[in-house]
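Have a look at the structure that comes next, please.
Just so it is clear, A, B, C and D label the chains in written order, and each chain counts residues from 1 on its own.
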Amino acid sequence: MALQIIEKSDLAFFVQNLMDHFQLEGVQSKGQSVYGQAFFYGTIRSPAELCLDFDCTVMPPKKYFLPPQEALFRFQTGPSPACFECRPNKPLVIFGIHPYDLKAISQMDRVFAAGTPDPHYLARREATILIGIDPTHVAPRSFWASMEAAVVSSGFDLMMTDLGANYIVETGSEKGKALLGDYAKVRPATSDEVRQRVSQRSHIADMGQKRGLTFPKREIPILLQHSLTSPLWEENATKCLSCGTCNLVCPTCYCFDVWDDMELNLTQGQRLRRWDGCLLSDFARVATGENFRGTRTSRYRHRFYRKGQYLFFGILDDVACVGCGRCAAFCLPDIADPVEVFNRLKEKLN
Amino acid sequence: MEKAKVAFFDFASCEGDQLQVINLEEDLLKVVEAVEIVSFREAMKGHSDDYDIAFVEGSVTRRSDEARLKEIRKNAKVLVALGACATLGGVNLLKNFQEAENVRKFVYGDKAFQYETYPARPLKAVVPVDIDIHGCPINRHEFVMVFKSLLLGKKPEIPNYPVCVECKMAESICVFEMGMTCLGPVTRAGCGACCVTEGSYCWGCRGLVDNPNADSQREVLAKYGLGLRDILNKFRLYSGFSEVAQ
Amino acid sequence: MKYQPLADISPYLPQWAEISRIQKLTESERLFEMHLADGEPLGHKPGQFIELSLLGIGEAPISISSPPGVENSFELAVRKVGNLTSAMHRLKVGDRVGIRGPFGTHFPVDETQGKDILFVAGGIGLVPLRSFIKFVLEHRRDYGEVTILFGARNPSEQLFLDELEDWRRRDDLRYLESVDRPDPNWTGHVGVITTLFPYIHVDPSKTYCVVVGPPVMYRFVIVEAKAKGIPDTHIFLSLERRMKCGLGKCGHCQINHLYVCQDGPVFRYSDIFDLEEAL
Amino acid sequence: MNAKAERIIQVHHVTRVEGHGNIEVKIKDGRVEECQWQVVEAPRFFEAMLRGRKWYEAAHLTSRICGICSIGHTICSLKATEAAMGIAVSEQTAQVRKLLLHAENLQSHLLHLGYLVLPDLLEKPSVIPLAQTHGEQVLLVIGLHRLANEMSDRLGGRTTHPQRPVVGGFARWPTTEEMETLSQKLESARTDVMALADFLGSLIEKFPRFARETEYIALTHPAEYALYEGHIGSTDDGQWPVEQYKGIVNEYLVPHSTAKFTRHKRAAYMVGALARLNLNYDKLSPGAKEIAGKLGLKPINSNPFMNNAAQLVEVVHCFEDSLRLLRDLHARGLKDERPAVSVKAGRGTGAVEVPRGILFHEYEYNKDGEIVWANCVIPTNQNHGNIQMDLEAFVDQIKERPTEQVELMAEMLVRAYDPCISCSTH
């Protein structure tokens, strides 16, 4: 389908319509921090709440597919124990996802579909419609351009670009097409507007280049191959608080823990999973007390290898970092920034 | 199956933790249904020394209290420390950092000698404690979790990761971004980052995680403008008993 | 995006197995014989494991200790160390437990046919290895020389006493045992398991060494095996890691790019010798 | 019964109260020889611990004086700090704080009446067996108690030791949605409140008939039933600004108590719901007045057992006044005000009415905003002397009764005060 135009004055109409027919999630301002506005994804209750010119949200949209905590199944104990599956399928529209987060979602899709598919993630994913938006601002620590995530060509149902006077919209799926047809006032884009989009997008890519890798992203696995014994790991890790923040805020981190919760009647309960993080000290501890990544250094290093190498060769054929810069922004000792670490490793190697 | 017998006790404290148990409301009825409560002075008359599980609130602040605590330990199969005063010594410990006589005199003047006291301490400094339910006050959901675990014969899973984890799950803005400072990165989670989500910051009431990176936390606090004395004061508010605060 | 068709049944849901026999092995280990409630065979290979569920308590990976094909029943040997394993010890015959799996890789049952096998088991490592050992003894003619080394910390921690007695008596295998700390009744060899190596003779050209034991044991045993000339490609071992899903997702069991639950627990030494954190 | 014999009545750790207190009575030859209210709680030295702590920590710390009235301590502490630094708070802040105090009064009074006193009236050791015999009423109490807790949660950020109130205002405001939900829930709980009031009211006559004249002290305010602000007032006549609290409380020590006692014009005075009602009856909400009328509660009532009835009246008042405040706030719309604080040296006193009576905090700050001196006077401190004197008079009145009855009734008397013992030994 050709590119379409939504006039800015018609945006509220579209949003209101979506609100009326779906649960609409989108970016809102959570108030002012000393560094500027803090943005987060939440339920949109009025068109005015939706914010499309954010730089980066505190947390990525992964919570919609892998909630911080969710039930895998409910159960009943006793002489005839039974399990009852809870498979989520609440339809959802997420409005306003930047390309890097879209890319992260595509990566997660592959992870959860690989091997034994994970029905919970996939059911949530299937029930969700993604409306992307090209960034107009770059967060101070982002480096998505050098992670080849400034612009995406797939992984969305609709993709919007702010052209100043209006939004130009690309359709990425049948679902997206139907959404536009049913709920938005659109007109086909003129060739001028299409050209404008191209230049706007190259502008976006330029904006994102302010900080980034000093070398091509695909070299990261090889770089890591040679950096196992780099003193950098230990140097940084002595400052690591093992707080897991870098894991939790990351759109491509998905490790989880599983546990059982019983109700007070002690016969019914549920098996839950919740986010976990490989930087947390007990992540690899087994019952006999052995901790296979017992040192801060081993955990700290593991994260970079997982992002830069393990998943690359394992499932993704890509680096599992999209350059959102959240980990860099929220790591208090400021040691989690991948671009800084990779660049320094590269420097040391040269 | 015979019901487990449960008793509640308290030492120097505000009894806010037992209050959280009462605050379970309808669930409290399920709790008392599942066990036999033989002693709970705050809520019932009567007492028996025959109990399996003792929940003990408060810190020990007088030598003369030790005997009562040891007696409780002897009677109980499982001793659970309830709340920061019991698990860490709580705010009561602040007086330990001042000269003892001065403290007594400041409050009781020339009659200070009438009032027995010694450096406040958590229960575990006097008797072995099986389970700590942290918090000031305790989180009633965590109480229920521990309670259920005990009935199921499970060791309760008290988190050993810091508050930042739950803070992120709650999608709070890190308070360091708001120009304040926070003990979340070294404080044991389990509270759901309740103070941060309510506009405050983590005070450290659940104590430190097992292997806190206190040096790095100090550096971070200093980086965000806290002086040495303030940093120490921050650690001392609840974790006065750990070496980090010395 | 292209989805693989989803299974009708969530891979997180356990199926039921009923305990048909419980045998005390040591003070802290018990053997549970069980069968799937639907009567189907488990269909496992030696070295694989299942995720054992007790609803309300949790889940843990447990090796299948019996060889395949035993009248649709299978055996688990469980050491009491924590929540789930302790709760398991409280169960009675007739109780039901949840089972997911079998999961993971298995010992090289086919590759070793016609070859000599050196089994090295330390402590509870005998549990998974037993599955392979019993399989080999059941198909004794398919394999060459069989040597079993078994080390325990002390005599009271020796598992499967009847079977050990049987192995001691058999003349179609060589069985050597050792304890680290003897008690007054112990008349056998004393010392860590590697001190048994001088007593064995292997033909490196056709011997496979299969090792299961605590993490510290591996490094030392591998040195001895290599000293005997056994190539890295002929050494197999089974690794323990924390596991939460068994599906290669939760991340806990990861060793570099490998997931122990999927790519292991049985590994060929040559595949992992250079992996940081594997051993 | 042999009147000659010596009878010792000892209640070791009075139950269903907060903290540890003992009653010791000796009756010999039909005469009460000894009668003592002993406070054996371990002292915690809060005033000393406050020294050297920062202005933003004072409320957090003093909140820990008492789990049950932690909201009151928080607000009192904030007021003391604000007074010391000359910080004025907005109308909106004052109103949400008033709501919070109502929430706490509801929490505390419902807990006291429903969980601690009701068993006495129905002759059971605790509320647990009542779940069987009086299931409906117990669920009523629980439901309202939960609502009070929810109110504290939504306004203060926690049921106990609230996090949102800070010096100068609130760290986080309730959302409009939260306020609306709260209003709705309170509105729909109206019938429950009235049902509970009727039920408890019907049991009131079971309280012993006893009266002893004494002085009653509470905050008073020309425009409202004073809880958050006002002057110190006394039924013996007189009004004083809160800064002059020391002249009212006159703390002194007794050997058998780790908590301080107080006295004003007489040997003792009483604070709490009954004192408030005796002083501020006119300002009660309409529904509260109606209940008071039904209970035959008019100022000045000098039966300490009627403190329970006064609490019941206050439950209705707080409930009705909360609805009024919420409506008011809603009409004006909540603004997202940020507290502004400029730290300076100074001395200040805060006073609020908490469930058990008037509470005072006084701090002195140095220029860095560190506390150099602190004093807290807790309601139960102020009641200890009156408990002692009531006990003497009451035991004398009932001394002929069997020992267990004397024991039970003496305990009931202490319980009527709803004492917060560990709080008084702060």
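Operating definition for what follows: a residue touches a chain if its C-beta (ideal position, glycine included) is under 8 Å from a C-beta of that chain, and two chains touch if they have at least 3 such contacts.
The model shown is predicted, which means the values in this text are computed figures rather than measured ones.
Engineer: So which chain ends up in the middle if you average the CA atoms?
Structural biologist: Closest to the centre of all protein C-alpha atoms: chain B.
Engineer: So which has more C-beta pairs touching, B-C or B-D?
Structural biologist: B-D
Engineer: Can you check how far apart subunit B and subunit D are, centre to centre, with Cα atoms defining each centre and the answer in Å?
Structural biologist: The separation of the two C-alpha centroids amounts to 25 Å.
Engineer: Please tell me the distance, in whole Å, between the geometric centres of subunit B and subunit C computed from their C-alpha atoms.
Structural biologist: Distance between chain centres: 43 Å.
Engineer: Compute the distance, rounded to whole Å, between the mean C-alpha positions of subunit A and subunit D.
Structural biologist: From the centre of subunit A to the centre of subunit D is 51 Å.
Engineer: Whole-Å distance, subunit C centre to subunit D centre, using C-alpha means?
Structural biologist: 65
Engineer: So which bits of subunit A are touching at least two other chains?
Structural biologist: Where subunit A meets two or more other chains at a single residue, that happens at 259, 262, 266.
Engineer: Residue numbers in subunit D touching 2 or more other chains?
Structural biologist: In subunit D, no residue touches two or more other chains.
Engineer: Can you tell me which residues of subunit B touch two or more of the remaining chains?
Structural biologist: 152
Engineer: Every pair of chains that touch: which are they?
Structural biologist: The complete list of chain pairs in contact reads A-B, A-C, B-C, B-D.
Engineer: Considering only the defined contacts, which subunit C positions touch subunit B in the complex?
Structural biologist: 56-58, 82-83, 86-87, 90
Engineer: What residues on subunit A touch subunit C, complex-wise?
Structural biologist: 72-73, 75-77, 80-81, 83, 85, 87, 106, 109, 111-120, 122-123, 125-126, 155, 228, 254-260, 262, 266, 269, 271, 273, 276, 278, 283-288, 290, 292-293, 298, 302, 305-306, 309-311, 313-314
Engineer: If you look only at subunit B, which of its residues touch subunit C in the complex?
Structural biologist: For subunit B paired with subunit C, touching residues are 152-155.
Engineer: Could you please specify the touching residues of subunit B with respect to subunit A in the complex?
Structural biologist: Subunit B residues touching subunit A: 27, 30-31, 34, 144-145, 148, 151-152, 157, 160-162, 164-165, 168-169, 171, 173-174, 176-179, 184-186, 209-213, 215-217, 219-220.
Engineer: Inside the complex, what are the residues of subunit B that reach subunit D?
Structural biologist: 10-20, 22-23, 25-26, 28-29, 32, 37, 40-46, 58, 61-62, 65, 90-92, 94-95, 98, 102-104, 106-109, 111, 114-115, 117, 120, 136-137, 194-195, 197-200, 203, 230, 233, 237
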